[in-house]
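Heads up, the thing below is written out as structure tokens.
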Amino acid sequence: MNLESMYQEIILDHYKNPHGRGLREPYDGESFQVNPTCGDEVTLRVKVADGKVSDVSYEGQGCSISQAATSVLTDLVTGHTVEESLTTMDAFVELMQGRGKVEPDEDVLEDGVAFAGVAKYPARVKCALLGWMAFKDALAQTPHGERAANTVIE
Amino acid sequence: MTTTVSGGTPDSLPLDVAAVRADFPILSRTVRDGKPLVYLDSGATSQRPVQVLDAERRFLETANAAVHRGAHQLAEEATDAYEDARARIAEFVGVVPGELVFTKNATEGINLVAYAMSNAVTAGPEMERFTVGPGDEVVITEMEHHANLVPWQQLCQRTGATLRWFGVTDEGRLDLSNIDELITERTKLVAFTHQSNVLGTINPVRTLVERARQVGALTLLDACQSVPHSPVDFAALGVDFAVFSGHKMLAPSGIGVLYGRRKLLEAMPPFLTGGSMIEMVRMEGSTFAPPPQRFEAGVPMTSQAVGLGAAVEYLSVVGMDRVAAHEHALTERALAELTAVPGVRVIGPTDMESRGGAVSFVIDGVHPHDASQVLDSLGVAVRVGHHCAWPLHRRLGVPATVRASFYLYNELSEVDALVAGVREAQRFFGADRP
Amino acid sequence: MTTTVSGGTPDSLPLDVAAVRADFPILSRTVRDGKPLVYLDSGATSQRPVQVLDAERRFLETANAAVHRGAHQLAEEATDAYEDARARIAEFVGVVPGELVFTKNATEGINLVAYAMSNAVTAGPEMERFTVGPGDEVVITEMEHHANLVPWQQLCQRTGATLRWFGVTDEGRLDLSNIDELITERTKLVAFTHQSNVLGTINPVRTLVERARQVGALTLLDACQSVPHSPVDFAALGVDFAVFSGHKMLAPSGIGVLYGRRKLLEAMPPFLTGGSMIEMVRMEGSTFAPPPQRFEAGVPMTSQAVGLGAAVEYLSVVGMDRVAAHEHALTERALAELTAVPGVRVIGPTDMESRGGAVSFVIDGVHPHDASQVLDSLGVAVRVGHHCAWPLHRRLGVPATVRASFYLYNELSEVDALVAGVREAQRFFGADRP
Amino acid sequence: MNLESMYQEIILDHYKNPHGRGLREPYDGESFQVNPTCGDEVTLRVKVADGKVSDVSYEGQGCSISQAATSVLTDLVTGHTVEESLTTMDAFVELMQGRGKVEPDEDVLEDGVAFAGVAKYPARVKCALLGWMAFKDALAQTPHGERAANTVIE
């Protein structure tokens, strides 16, 4: 196994220097998620303004994959419309659940493409999705949340 | 074994590991692009020797039939094989066959007792000694596996009884300082693990059993991590109930064992009901067979029992003393080497006093799951997470740990591979530079 | 199979029995001083083809590990094998994988639902739809196997609900004349067998499901004797729950299946609790994982699930239509020949209308157990007794019956051997002279 | 398999012409026993007078082995002291549970030796013991029953 195929430089960078970390006010939705297999957890808040995700703030503990994925998440959704952010989420979830067989679209996923290698390790897919589960759940609590509420991440 | 076990080999382990390893086909496979498999996850599930695989297959190719139900030759042979296995396993843990119930795993065995206790309420006056309700207490410990924790929470939820528990010291030992306040006249049952699957800690069974007896409480021993690894005699320990799982002791998955003192099993209401456990069935009501049949509803795990019988025979030929001594040597080496690595902290006792072969640890700056990923890339299979002992991890202030666990087929060089892997994980994540 | 299944063979059976038999090692053994084995007891438990034995062994020799718990390659491979098996089995019965829970046998599956229902009382308000209590009713039938009878008696005993049941006609059919009085607004659940393990009778699932739906009652189908022998689609049948056992369909013992509609499983409280079924555990209380994990506590029957997956594949290659047609032919012959023997009385339908391949009968002047002893001495393995359907036997006025049951590996000549054995039993006990 | 090894002439004779069948008054103890695997049953009564088993009467339904064994039982115990009858019972139980390896003593067991072949078929041992279970149980209800009560037949 090539360790670097999972731990891309981008992932290690986000892990060591996470973007947007810390819980901030004000927010419209908040979610606490825990990964039952490892006990890791994340608390994530979303602020929506003018139909756009104006801030994502979070804190928690977890492995490099979960921490990096949440950091990338903030980059991917902040400043985008709710609709766009959900489309990005769908693309990321599809990539992660593709067992390494889905070709990621860099235009949509940006740094998120670095997680393509993680998708080959089923035990780590939950790590990469932990922050996204929280995002989806927090978003569902906002006025724009209907589609988020109806999305299932397994 | 293909050769007999020698009294001491050049690498100074108490048994001939090479001969043992030759019996386990899976140990010669490679993982992750050709790395030899270093299997240090026997605490989760063990591997199976050909002797066990062959015993099960031989049974299926020659004698398979529904047991206790048929009058033809196959049914006779199958029943004999099943009951012979029960007798052999009973002897292995120092009890008589009638005291031994086959379950699908240890978890079912614990649930069986917990449900029998809540069933007792509606099962008639002679079941009174098992009933629990408001005011009654069940005592467990903070180091239990979820299997010996959640069923008791649920029993209390069903019945209104109260759950109480022993704490754990910073060193990972049971805190017995308040034993007399915890185990009291209100206590109906004390359930505790023989050996922690996380810490390796071996608990003082006698102390707990003595106190429980003083107040007339029943005891249940979770022997999942002791029976596979050392000589255990339930009768000598004096516990009322005990459970263990086949898959952790070279035997098939899908089979576990509940031991119960004969008088208790005879008095206990059934749990799972259906075929083979009845005495008389009418639409209006049923009566039940004596134990152990009363607790074995439906077609049982026949070939799996035969496999467990073969596993017990395999372990007996090696000798459980030798198995224990072998793991002792491996654990001692692992503790010595791991504690010598800067940034590594072992969770649980670091000496060999009352301690078995599970070694859990954390690495500063490297998440356990990331560490195990590095180990996996080197062929070293360990387990990470809370190991189904989440409250224990919370108590010790760590969300998760890396756990290496040993068995009779592990070698000293595999301990070295583990430690090398830990150092590599530190290097990979830049945690080797302070 | 070593050869493909042909569309019609010289002996006019719908599948190539010789090719099938070559896959089953046990069928070539002899019994009782060299008699070829004539195995007519598949209703109790079936035999296993090498394809299933090999699949399980291959898994154990290459990928065995604890599933859903490890981060190493073995654990990944084991988890994949386990979940692939679930998917394959789900497809075989027309449902999605998440609706399929692995149990140790069908008996456990039925108990799971029965205990979930009594647990619902203390499991919080959202569980209300499962609660039962005084005034509520559970409806079963008089032809149930004890596995689908005693658990409901026990549920009623635990909760104060009332058990009611459909009667059986002299011909061995369900008496549905009072269906509207039996299944009413008070009914919480209707549990019934798809195919009787004694009579062979196939019950009108649609009629029962429709009436249950009208009154808002849940339905549970005991599919132990249907899924192994004919194409069954739970979704199409519209039942809420269904169970079957691996060992009756070429797969290992120690594994069964509970199907539950997704929405129901999602809403249902847990039964067995412990590792792998939790969401979060604190000493003070726990929350639980979504289904199917919620209902699979402890290390599961991993290799057995893989074996059941292989069995389902084997059956699919043969084709369940062909299996059913083959058994139809055997049963038809058995009915024709047995009813032609003076003094033999078949219990259950004697025509092939809505009827599967279990043929039970009594012989005037020869006790069933004595008859089976004679059959056994000739190598013919049948089952005798009440076949875990004691109330049914009482209803039909016989304490016990002889049962021959068929599967895809049986031949027409084995039916003839059965009938010859029956005649020999009559001769031996002097029951051939009126 | 040699069918005759199980079904000795003696057994078939007792089966076809059972001794002492029918329930009679008076009696000191009565027991109803059922074999849970086949549903067969026996009701058996004992009368004890002067320390002797003065009558055994029974009725029930069952296979040839169970019917013959109960018939032989009446011959073996009627007219004997309670103590003797229990010794005979012990010898019969030992024979039946010996899996064909116990050499029966014809002086003690008389026609009972014919059941030696049955002991080789575990599924039939319960048949041969059904009547004896009832005898033991019925005897335990009489004033002389202490030893009977303490004997376990499994």
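Order of writing sets the chain letters: A, B, C and D. Residues in each chain are counted from 1.
What we mean here is this: a contact is a pair of C-beta atoms (placed from the backbone, for glycine too) under 8 Å apart; a residue touches a chain by one contact, two chains touch by 3 or more.
Bear in mind the structure is a predicted one, so any value in this text is a computation, not a measurement.
Enquirer: I need the pair from A-B, A-C or B-D whose contacts repeat those of C-D. Over half of the residue-number contact pairs should coincide.
Expert: A-B
Enquirer: Count the touching C-beta pairs: is C-D or A-C ahead?
Expert: C-D
Enquirer: Go ahead and note the Å separation of the Cα centroids belonging to subunit A and subunit B.
Expert: 38
Enquirer: Taking each chain's centre as the mean position of its Cα atoms, how many Å separate subunit B from subunit D?
Expert: Spacing between the chain centres: roughly 45 Å.
Enquirer: Among all residues of subunit C, which ones touch two or more of the remaining chains?
Expert: Where subunit C meets two or more other chains at a single residue, that happens at 32, 69-71, 73, 75, 278, 280, 369, 373, 376, 384-385, 390.
Enquirer: Mind pulling the subunit D residues that touch 2 or more other chains?
Expert: 1, 37, 121, 124
Enquirer: Within the complex, which stretch of subunit B touches subunit D?
Expert: Listed in rising order, the residues of subunit B that touch subunit D are 68-71, 73, 75-76, 79-80, 278-280, 289.
Enquirer: Would you mind writing out the residues of subunit C in touch with subunit B in their complex?
Expert: 25-26, 29, 31-32, 37, 39, 41, 44-45, 47-48, 53, 57, 60-66, 69-75, 104-108, 110-111, 115, 119, 122-123, 142, 145-151, 153-154, 157-158, 163, 165, 245, 247, 252-256, 270, 272-276, 278, 280-283, 285-286, 297-304, 369, 372-373, 375-376, 380-385, 388, 390-391, 394
Enquirer: Over in the complex, which subunit A residues touch subunit C? Could you list them?
Expert: Counting only subunit A, the residues touching subunit C are 1, 34, 36-37, 121-124.
Enquirer: Taking the complex as given, what residues does subunit B use to touch subunit A?
Expert: 32-33, 35, 367-370, 373-374, 376-377, 384-386, 390, 393, 399-400, 428-430
Enquirer: Give the list of subunit A residues in touch with subunit B in this complex.
Expert: Going by the criterion above, the answer is residues 1-3, 6-7, 12, 16, 37-41, 61-65, 121, 124, 127.
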